[in-house]
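Dropping the structure in here first, questions after.
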Amino acid sequence: MRTPRPDQVRIGFYICHCGTNIAGALDVGEVVNHVAGLPGVALARDYKYLCSDPGQELIQHDIRDHGLNRIVVAACSPLMHERTFRRAVEEAGLNPFYCHMVNIREHDAWVHTDRQEATAKAKALATGAVRRVALHKPLETKKVPIHGEVLVVGGGIAGIHAALILADAGKRVYLVEREPTIGGHMARFDKTFPTLDCAACILTPKMSAVGAHPNITLWTYSEVTQVEGYVGNFNVTVTRKPRYVIEDACTGCLQCIEACIYHDARFPDEFNLGLGKRKPIHLPFPQATPPVVLIDPGTCIEFKTGKCKKTCVEACADRRAIDFQQREETRQIQVGTIIIATGFQTFDPRRIPYYGYGVFPTVYTALEVERLLNAAGPTGGEVILRNGKPPQRVGIVHCVGSRDENTNRYCSRVCCLYSLKLAHLIKEHTGAEVYNFYIDIRTPGKGMEEFYNRVAEEGMHLVRGKVADVYPDPADPANGRLMLQVEDTLMGRILKVPVDMLVLSVGLEPRADTQEVRRKFNLCCGPEGFFLERHPKLAPVSSYAEGVFLAGCCQGPKDIPDTVAQAGAAAAQALALIVRGYTEQEPNTAYVREEDCSGCKSCIPLCPYTAISLAADKQKAFINEALCKGCGVCVAACPSGSIGQNLFEDEQLLSEVEGVLTYA
Amino acid sequence: MNPTSKPKVAFYWCASCGGCEEAVVDLAEDILNVVEAVEIVFWPVAMDFKKQDLEAMPDRAIAAALVNGAIRTSEQEEMVRLLRRKSQCLISYGACAQLGGIPALANQFEREEILRYVYQEAPSVINNSGTYPQPATPHNGDTVTLPAFRNSVRALDQVVEVDYYIPGCPPTPALTKAALDALLAGRLPPRGTVLAPDVALCEQCPRLESKPKDLSLDAFQRPHRTALDPEKCLLAQGIPCMGPATRSGCEALCIKGNMACTGCFGPTSRVLDHGAKILSCFASALAPKEPQGIDQALAGLPDPVGTFYRYSLARSLLRRKRGPSQTQHFIRGNPP
Amino acid sequence: MREGNWRPRIVAFFCNWCTYTAADLAGVSRLKYAPNARVIRLMCSGRLDPQLVLAAFARGADGVLIGGCHPGDCHYLEGNYKTLRRFRLLRRLLRDLGIEEERLRLEWVSAAEGEKIRQVVTDMVETLRALGPLDLPGQFRQWDQEVETLKAQVVEAERLTPQPA
Amino acid sequence: MIATIEPELATVCQRDTTLETLLQQPEGRRILSCIQCGICAGTCPYGEYMDFPPRRIISMLRRGLMEEVFQSDSMLRCVACYACMTKCPRGIRLSDVLLPLVKEQTLQRAPEMPAELQRSLQNTLRYGNPMGESSRKRANWVTTSPVPVPILAEIRRPVDVLWFVECYTSYYPRGQDNSRAVARLFNALGIDFAILGNEEKCAGDCGQLTWESGLFETLTDYNMEILRKYKFNRLVTGDTHAYNAFRIRYPMYGFNYELEHTTPFLTRHVEQLKPRLKKPLNVTVTYHDACCLGRRAGFYEEGRTLLRAIPGVKLVEMVHNRMNSLCCGGGGGGMWLDTYFKQKGMDRLSERRIKEALATGADVLAISCPYEVYRFEDALKTLPHARPMRVRDVVELLAESLED
Amino acid sequence: MSVATPILPMREASGASSAGLHRPRRVTIDPITRLEGHGKIEIFLDEKGNVERAFMQVPELRGFEVFSRGRPAEDMPQITSRICGVCPTAHHLASTKTLDDLYQVEPPPAARKIRELVYNTFMLEDHALHFFVLGGPDFVVGPDAPPQQRNIVGLIQKVGLDAGRKVIGMRRRLRDLIAYFGGKVVHPVLGLPGGVSKALSPQDLPGFQQLAQDSLEFALWTLQVFKQAVLANPEYVKLITAEAYTHKTCYMGMVDEQDKVNFYDGKLRVVDAGGREVCRFAARQYLDHIAEHVEPWSYVKFPYLKDRGWKGFVEGVDTSIYSVAPLARLNAATGMATPPGPGGLRGILHDPGGETGPPHTGQPLGANY
């Protein structure tokens, strides 16, 4: 193993106090003294906050004044600040990859209780790093070009907002939405808290902007089926489900719907959660974007029997937009960055049997009530129960499926506020007595507490207690009146509250197919199942996959303002990458030492990115640096040790192993 | 040219089989020029010089000493230290001296186990009085001595400083000739070099083209279980062939004999542990993904130590088996 | 290393994307566990060369812990499958060389499983404490005693014999 | 939160837990996390009759004001129906740990025990059954069984299934119908079974109504002794209370046999049983989920599977069913507190439940716990109802349909 | 292991404790040379200078029996051949035949022929090595020649380069045949249970046939050399037949059904010093007939005839010690299986000493040709 002569290497060792995070848990001075004595170490120092500007300047001065050519920083995790210190070292004129970090905070100070042991471990880890960095070679970060296009997955408010920002910035955006129209959950809401402005009024202009925007290619009723490649160079396969209507030809005149042989709408309308009816050929909702109808093969007679008179086709004779032969298509696109905005799904209250959802007709979920309240909804804004009568007494139960060991442990953050909003709207529409059964009213955010006071002042009954049982009111079981049994914990009395209508404020949870989507985009999931952000505080919209960003409720429950803020942030970060035009990739790619390679081809099949090929003329293996991701699998498998890996050379790792095993 | 001016050369063999001596004899006609060029002052297999002759020589009198065989007994250790003292250039000749060779497989067993089995428990031995070879046996007032039997087998450079290595079991005549010529002409590479190509055997293997670029094995085969295709790469047929991890230089003799390479030329200079390296290469080439499938695929390698460290156990990172060995189980007939 | 204050030393090779991040998460969540594991970061568990495992043992490690992503989650698609294959064979090799199989351990840990890091390290320290020290460097010194005696004599002899002019 | 046992905890809680030490144990730490949501009080059938429903008990415990709680008789009104524990969003094991501990202190401080409860507990201690019948008559019902019922003491050989019959199904006639049905079913399935007969004593679940009563201890030691005398693969019992005592409390005393209740046991053999169920019953049946089989043990669908296996049975559901079922009021000593409850002006839960059963218009109320047959038949007598309704145990209905 | 005990002048063993005249003197020969294997000879003389006791000590042990445990069966032929690098083919094929026995398989005729060809070729070139390189110098250069001369180098200088080249060339051609089939000549790899790993391709057959012819001539030429160098020299003949070099032991050799010498296969036949058959057994039953004796002064174990029991290092008709190698092969057989060439071997052995009866002369010196 050829190691440089010790006198050439002058190592600067820096250990950070990180306030008291590190200094509080281990003896920083002892580590400095120990490392100062190691071969090759020219300078060893500790400092309160190395990642601060003065801290970085300290290092830069030392490099110049003491002629240091290697830097070891013992502080937090390299995943946090390695880039920071490398940039600082580079500015001081030293190759950034002569800088190496030692994780003595997350892996040592924060997780060990015995101060002596933690100090010994810090010394060992530092020794390992010092020996390793002595063998580091100068490297250049690899600049990988970034495609200018962006893929936005999910057409809810998050996807829409992100797409618009990017498109307005002049970038080409592919917006892929699984439903026939964009709009997501927000399109179903009536009003939005706390300002009570109508959801459609603030959403539809953005939707039509998306529909009309030259830079946005909108693919609704489509799904991403495969993603390959890496940041800057993703090639994505999108499958477009057949609408049996040609998008470009249809102008949304809806003649075909009238002409459909089903005179009246008979089938449950998914958009209105089954409360309203629709025909086989239908438009999800009036402001749907693109304003293009679609035919549901499950209910259209032509698909069942093939003998329908196809009156719809006649109605669309001139434009001939209807095409029963339409088949599923797949498209390949090349994008530089991806924004995941796949949203959430509401908790299915059937999982809590004692609320009687699906058993008692007068029990509704909050989303269904949003449709009832909505002027464009199935009842034209009239809150009419399934038995046709308006309710006099309405109970709203908070935290359905949230803050509960048996369902979801987390608080869904938005239910209290939308429950108050529903309470206000129901009272406004029907004048009914409204009871809100809550555990804690949580109103974080601007204008929320004021909204709570305003709604309370309108005479809502706020009962602090979780509804324990729901059963038909023994007094008149006939017309669906329900009895809610609940303890008012502030009064300390069990109440039996008769209501005509029960609204369940269901919480937000990850979509059912989260695991499948996670694998496609190489993401990670947190313990509750939402996509895991790279860092909860410092990188909330970046994911673990480089160049893939998260926005909206797919990353965790949040309200519309936060969702839009995140969408903006994700768009900004994507834009940052695109504008820069390249991403810097750690130069940790593998390389074949040609004179040593025997051409035994053992490495070739191991590379999942097919980066290794046989140089035909020389019968030697060759690694295409652009394709190589730096996993190092081939390096470990090369039987004659002829493949090296930048930044993770065999001798570097071996010296690190020797170092960490020394006894401090 | 009077004999004294010719450079003196010595050959010696420690725990060896004499195959390396044969390899020197196999220089055939070339041995004549060698004999012309040098004066062999010590070569037990072919010349009657005695230990005292060696001891009588002044230090560093021998230009080059080629020592083969691993170090197993104290006498061998003594001889190599003596040869080191007497030679300017000590050359490790053959796999045993370089890596421990096949005798080093004994490092999987303890000293007492070996002696007890060889002299007591072997089925052919009748030794009711329980005699064992003794370091000293008295004989009317005098004693007859035997060297000590070390607990571990060592490669040459684990006992004395070694200048060059000529690999192989045995080294090929061509390799030996090239080394001797280089020695005589004084054009020797830096100390510690292995005098053989530093590239794996596949480069010289006639079957390299037939090795697929997407080899993915479902199982390792045992040579006597499959009909061996004389043209196709043996590893591609599932036979564990150490070629990819072993130095070239032997011109793939075993493969020309239609059998797999067993790794006698040792690893390339960049490899720290021959066995671990080939294990990594073989395991990475497997196809199954879950543990049971993998274990089934690996059933074709029942003896990892014997296959991967056949010639290099003494120079492996772990050097020998630790703690009480498994032999007791063998002796009572139940496998470990 | 007297038996008294011996503490098992574990070299932990963690994959950068999953296990190393989980260890960071364990840190961020302030989970407390034994300080015996010293973590070395690799880009993928597939980068771990069995030679490094043996080198770790040979240089004094009492146990080696390999951390990789769950099968199917590897950031490089299949790196962890190769780790699993090498691991199954390497354990058998170690067993045949008298090193207990429990000293080498492979765990799949995803980025969100900080708690699993705590459990695995704590459990492995217990196992190693039961197994006792491996201390190969000490074994090597002990094994080499048998050649030290003769070496001393030869050096002594060389010192005594007058060198020819 | 079904009363399952945490994997890492061998039993629900250490045996020697007291209210003082409770908060240091894992179960106690969970109590500290109670968010006072009131669902336990809300769902408690007698919630409105309690000064200190479970929620208030926890808040008083956390403030150290338990003396005041012990003075009130709230915990005497707890019928251990597991509703509060099942719905608790923090997963606190109220009915298993906290409430029995409080009930014990309440009883110790109560001026005098309700007479009927006092007598039944003493009977259980002295005669091994709450009825006070002689333990030598426990196996008399065997003579009336249409099929042979082997008794372990007589056959003296290992058996596959040890059938732990329990008190109500041994002594009371309607209980004996249940036993005879079970015997016929075992016989039809060719099960190698035997009973302890007179050697059997009450498993003591209801006696256990208080956490650490000496009574329970003596019964447990006795039963463990008897069980150790014989060799068997699995212990099957028709009594849901005994089943849960064996499952949750007995492990603290070393019980680790295979254990099953008759309902899930028969469900496992339903395919074998179906061809033998020849006689159609042609009745509409509504199934009452016994608290100790449903909420406490998690067996909801098994009873219904058996009922659907019977030809001519139409199954209808009551409003309160499965995990939201309404208790018959017999648990936690409630069996012997009817008079006491009446004095306190509390309506009887069995009547509440019967009303709901009648509302379904079913002919038969199917039950799966031996306590319920008396309570519901008694409630049917006191409640005026137009359509006649029979109360039958699931096994009785199966036996009715079984070919001779 | 072919053992030749060279004749050496008595010489004061250096380092031997010869202090004081009355103590018996001692001669140490360390190491023994011109043979394969390590050895040391300690000779103790009585006052009159006669040999009182001699020890032939083997100072080396590797323990093949132990470290072969746990190895896959099919690897054994390649491991066993490392017992000896001069006669690897013998051990290799012996181990291969054991695998045939273990797997209960019979090699096809072609494979068997290849094995026999390789083995016989090996016998020829190995004996040539002994006759010319190892033992030869004693006769050609003379036993009293100085060590610098008494070796192959001295021999070639005496008999001249072209004879030397003839020997070296012939051996190389023979060894190339073995390398053709076995991949390598030292530690061949052809042995597989139930056959060999490589076949003979037709175009190479003529070459080998020619080689067979040349090797027969070479053998006869060697015979002439033996006659001129050894038999023609009365001093040597006297020495060979001298009492000191005659061992009357039992003789073991492999014979075919007709009791003719066969190198590859057959039964092992043991005759005693008087030529009477002691026993005959298949190699598989070796444990019933052969046992090993252990002495404290040597790492080697001493095989002996089990039926007769260990009787110490004695010779004569009823000793249990048996010798192997060429002389024993002849004594144990009734003759060679192939017709003798002109002036066949039989003639040689009869002339000296003129004893009649089956050629069981005990001349170990002669045993090596």
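Letters are used for the chains, namely A, B, C, D and E, taken in the order the chains are written, and counting of residues starts over at 1 for each.
In this section, a residue touches a chain if its C-beta (ideal position, glycine included) is under 8 Å from a C-beta of that chain, and two chains touch if they have at least 3 such contacts.
These numbers were taken from a predicted model, which means no experiment stands behind them.
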{"item": "Partner chains that subunit C and subunit E have in common", "value": "B"}
{"item": "Subunit D and subunit C - chains in contact with each", "value": "A"}
{"item": "Top chain pair, ranked by number of contacting C-beta pairs", "value": "B-E"}
{"item": "Centre-most chain [mean C-alpha coordinates]", "value": "C"}
{"item": "Identity of the chain that, by mean CA position, is farthest from subunit A", "value": "E"}
{"item": "Centroid comparison with subunit D (C-alpha atoms), farthest chain", "value": "E"}
{"item": "Subunit A and subunit B, separation of their C-alpha mean positions in angstrom", "value": "59"}
{"item": "Chain centre separation (subunit D, subunit E; CA means) in Å", "value": "92"}
{"item": "Intercentroid distance (Cα basis), subunit D paired with subunit A, Å", "value": "48"}
{"item": "Where subunit B and subunit C are represented by their mean Cα positions, the distance between them in whole Å", "value": "29"}
{"item": "Per-residue multi-chain contacts in subunit B, two or more chains", "value": "108, 271-272, 277, 280, 284, 303, 305, 326"}
{"item": "Subunit E: positions in contact with at least two other chains", "value": "70"}
{"item": "Set of subunit A residues in contact with two or more other chains", "value": "606, 633, 636-637, 650, 654"}
{"item": "Which pairs of chains touch, using the document's own definition", "value": "A-B, A-C, A-D, B-C, B-E"}
{"item": "Residues of subunit B touching subunit C in the complex", "value": "58-59, 74, 77-78, 81-82, 85, 108, 148, 150-152, 154, 159, 271-273, 275-277, 279-280, 282-284, 286, 288-291, 294-295, 298, 301, 303-305, 308, 316-326"}
{"item": "Subunit D to subunit A touching residues, read off their complex", "value": "1, 35-44, 47-48, 53, 55-56, 87-91, 319-324, 355, 359"}
{"item": "Subunit D-touching residues of subunit A, taken from the complex the two chains share", "value": "353-354, 399, 403-406, 439-440, 464-469, 471-472, 474, 477, 485-489, 492-494"}
{"item": "Residue ranges of subunit C in contact with subunit A within the complex", "value": "7, 9, 11, 16-18, 20-21, 23-24, 26-28, 30-35, 38-44, 46-52, 55-56, 59-61, 72-73, 75-79, 82, 86, 110-112, 118"}
{"item": "Residues of subunit C defined as touching subunit B within the complex", "value": "49-51, 53-55, 57-58, 71, 81-82, 84-86, 88-90, 92-93, 96-99, 134, 136, 139-140, 143, 146-147, 150-151, 154, 158, 161, 163-164"}
